[in-house]
Amino acid sequence: MSMNHLAEKQKKHSPAGNDIPDEWFKPKEKNENDSEKVVRPSLSYWQDAWRRLLKNKLAIGGLVFLIFLTFMAIFGPMLSPYSVSESVRANQNQPPSPSHWFGTDNLGRDVFTRTWYGARISLFVGLMAALIDFFIGVIYGGIAGYKGGRTDNVMMRIIEILYGLPYLLVVILLLVVMGPSLMTIIIALTVTGWVGMARIVRGQVMQIKNYEFVLASKSFGTKTSRIIRKNLLPNTMGPIIVQMTLTVPTAIFAEAFLSFLGLGIQSPYASWGVMANDALGTILSGHWWRLFFPAFFISATMFAFNVLGDGLQDALDPKLRR
Amino acid sequence: MTKYIIKRFLIMIGTVLIIATLTFFLMHAIPGSPFNEERNSNEVVQANLEAHYHLNEPLFIQYLIYLKSIATLDFGPSIKHPTQTVNDLLGRGFPISFELGIVTILVAVISGIILGVLAALKHNGIIDYLAMTIAVLGISIPNFVLATLLIQKLAVDWDIFPAATWSSPLHMVLPTLALATGPMAIIARLTRSSMLEVLTQDYIKTARAKGLMPYKIIIKHALKNALMPVVTILGTLLAGILTGTFVIEKIFAIPGMGRYFIESINQRDYPVIMGTTVFYSFFLVFMLFLVDIAYGLLDPRIKMHKKEGE
Amino acid sequence: MEKLLEVRDLEVSFLTYGGEVQAVRGVSFDLHRGETLAIVGESGCGKSVTANSIMRLIPQPPGRITNGTIQFKDKELITLPENQMRKIRGVDISMIFQDPMTALNPTLTVGNQLTEGLKQHTSVSAKQAKQKAVELLDLVGIPNPEERLSLYPHQFSGGMRQRIVIAMALICEPELLIADEPTTALDVTIQAQILELFERIQEQTGVAIILITHDLGVVAKIADRIAVMYAGKIIEVGTKKEIFYQSQHPYTKGLLNSVPRLDRREGKLIPIDGTPPDLFSPPAGCPFTARCPKAMEVCDRVYPLETKLSSTHEVECWLQDERANKLLASK
């Protein structure tokens, strides 16, 4: 066959092929790494996620706002000469002015100072709720997911029952019994709040524990606690972080809601919910600043956490890589 | 399916028992609880409590009597209004709250689904961007803030809608709007993301490869699957709406159950708090049960799922 | 044999955040009535994109057919308006996807999904449609088809589902069936059954088949001709015999050496080292150069010309150039 073949081949060659210099037809210098050449730099999971988050303008805007808010929550009250509960009789219901940037309320208290105190309360409640949810949820969900079988079955039944509890009603009940205070609110919020986190962690762990690399560590006789710490947790972090980010606005809302109902932080201490509740009667009187500032900061903070959570969700989802 | 319903029913009973038990013992644990005889100066009240809770019996017997009475939906007397029972208050207030809740959930579901589907179909387009901005705002603005804003603008400044009470369909607009925006936003986001997910599924590709009309692909193949997750959160949303009625009724001066409930909290009228909490919890858990059943009917795989889960 | 489909210079790219991915880079091939053409290659080589382009099912955006023609009978598919393309999909050309577990809608009965295409494209009555569905389920070897119509997909095994998917694709009696990795998701024993089914269907209906696969075992069983794709190009095409016994391209040879074969004595499998190039910036020359054991200077710089070895066998490789032969001879 070969003679025939060669003859045919030579005939078939188009003239363009003859333009190519003959000396190019020599074996290529072999480069060891040639076949493994990677054109794009490879990024770690977190680098890649961060890069994608940076592209999300809204989420970054939210992050910047939250950094600003945290800063003001810490230092804001120091910028003002007034204390949170100091009321000046002559200064009631003053509109915003150079001496009272956000105006004053009906007791002559400085709204600017109270707003940043409110920020402290809101951020504290939100972060504490998220942290406690995280610890309980990760431990509970981790055990349920990792053990599986009967343990998981019983633990999930418990969760299913708790999931059915209308959480705000339970929270209200607890607050009525335990008396309104910041600690009570946080405890009440986490009594039912961890369930969501536990479910997510369990789902993730269930999925990941059967992956080859976990089976591999297991076959080497690695201890369970170590497998959970080294293998499972880093791989479940994405959804956990997202869940935490989205727990915070829920908790902030709950605190404001409860304070608004008169079950939360009590006057003279300021929380955004308390301030909004106090200002409710002022709609008709035109003292807009008393409602505007707390309302704006509740909404803006929840908005910031929500868009940041959404952004993180997109950025951390490995399915969306590329 | 029967097995699934029975299982859901047992979970419902479990939740209800926990709520009832929790409520009972929490109320008894309160320092200076209304159930302490020396607390109550009013003889009528004391007699009412005595008759209903059998306060001279041991705690455990009291607990059983309590369980029996709530099983027959009898929530006992009020302390602050000696002539009324919790059932009287519920009978007066709940229908109004229920009406507000139903109108709200209908508005939220319908507008949320429409918004979500539009956003998904025009993915990354202007409509998508707009709908999702509305949705995030809707989730971020607490209903009581939105309510006051609506009153300020639509009722006071522009005088389009009445600001308070619940006497005509026009009066229902602002409270419903204030209460429905949050759930609507949640439904819109969920519908959008689940629609986007469903649209990438192979069976959608198969449907396109069959040469089906686009509207048919969306309605017949995509929407039904995309709405499954929406059905599952309806129960949770309903809980949010029901508790939301508390503040909305307070702000709009609507004579619903929420107003009595807040009043009872402020007056520490424990039997009313207890009764309302238990009643609302029952109601919600029952709704959750109905939602689960609806889901089971919608998804033919439900039997398999349960088997796999075990 | 009459030509059914003619693809010329097809180019498809996808716009991603990282830039334009040129998934298909000038693919040409023909398909005749009643024949089976297998398109073979590693994942990501553009074979599925080629198949989806014929159906015009490339998601747009990010995908875009940037060049080429696809002639089906007397119609040019690339420029065909969407509403006319819809009348071709499922009627003249049908497609089967990889995973039968996800290709069927879980919330609709099998009967509903089987007949909806027929109802869309013809004016048959519900009863006739049902009868046709029963006929086809029978053809693909599903027992008690009448009773099965009212069942949901999850009530069938994977192999059964793939049979249903095939029946669904055949219900409007298409002339061309595109099967995208139809056996990849199935057990080996089921795979063989499904391939036999394809053969039987082709005998009975005369449908032409484009089989997209990475599995040379599948190809050996049912293909008439084979096109080997690499990095968005068809680098060698020929009859099954030509590809299996007279392959010329080092990649094709490598591919054949990397799978077990019963017709060769040497038992050793030789993997191809390395990975295919990144199609964000495809190399100017032959994309296989980096992995090719016989690479020459020219391979890096210029894409090889097409060499026709027989009326059916074509290869794109510089080794076919006489100067390369001189070089090899001098060694």
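Should a chain be cited, it is by its letter among A, B and C, assigned in written order, with residues numbered from 1 in that chain.
By our rule, a residue touches a chain if its C-beta (ideal position, glycine included) is under 8 Å from a C-beta of that chain, and two chains touch if they have at least 3 such contacts.
Note that this is a predicted model, so its numbers are computed, not measured.
Ranked by C-beta contact pairs, the top interface belongs to chains A-B. Nearest to the global CA centroid, when each chain is reduced to the mean of its CA atoms, is chain A. Between subunit B and subunit C the centroid-to-centroid distance comes to 52 Å (mean Cα coordinates, whole Å).
Spacing of subunit A relative to subunit C, judged by their CA centroids, is 44 angstrom. Averaged C-alpha coordinates put the centre of subunit A at 25 Å from the centre of subunit B.
Residue positions of subunit A with contacts to 2 or more other chains are absent. Those residues of subunit C whose C-beta lies close enough to touch subunit A in the complex are 16-18, 273-275, 277-278, 280-281, 289-291, 294-302, 305, 307-309, 318, 320-327. Those residues of subunit B lying in contact with subunit C across their complex are 201-203, 205-213, 216, 220-221, 224-225, 298-301, 304. The part of subunit A that touches subunit C in the complex is made up of residues 5-6, 8-10, 12-14, 16-17, 20, 22-28, 34-40, 55, 322. Across the complex, subunit B meets subunit A through its residues 11-12, 14-15, 18-19, 22-23, 26-27, 29-30, 136-137, 139-142, 144-145, 148-149, 151-152, 156, 239-240, 242-243, 246-247, 250-251, 262, 265-266, 268, 270, 273, 277, 280-281, 284-285, 288, 310.
Subunit A makes touch with subunit B in their complex at residues 153, 157, 160-162, 164-170, 172-174, 176-177, 249, 253, 256-257, 260-263, 276, 280, 283-284, 288, 291, 295, 298-300, 302-303, 306-307, 310.
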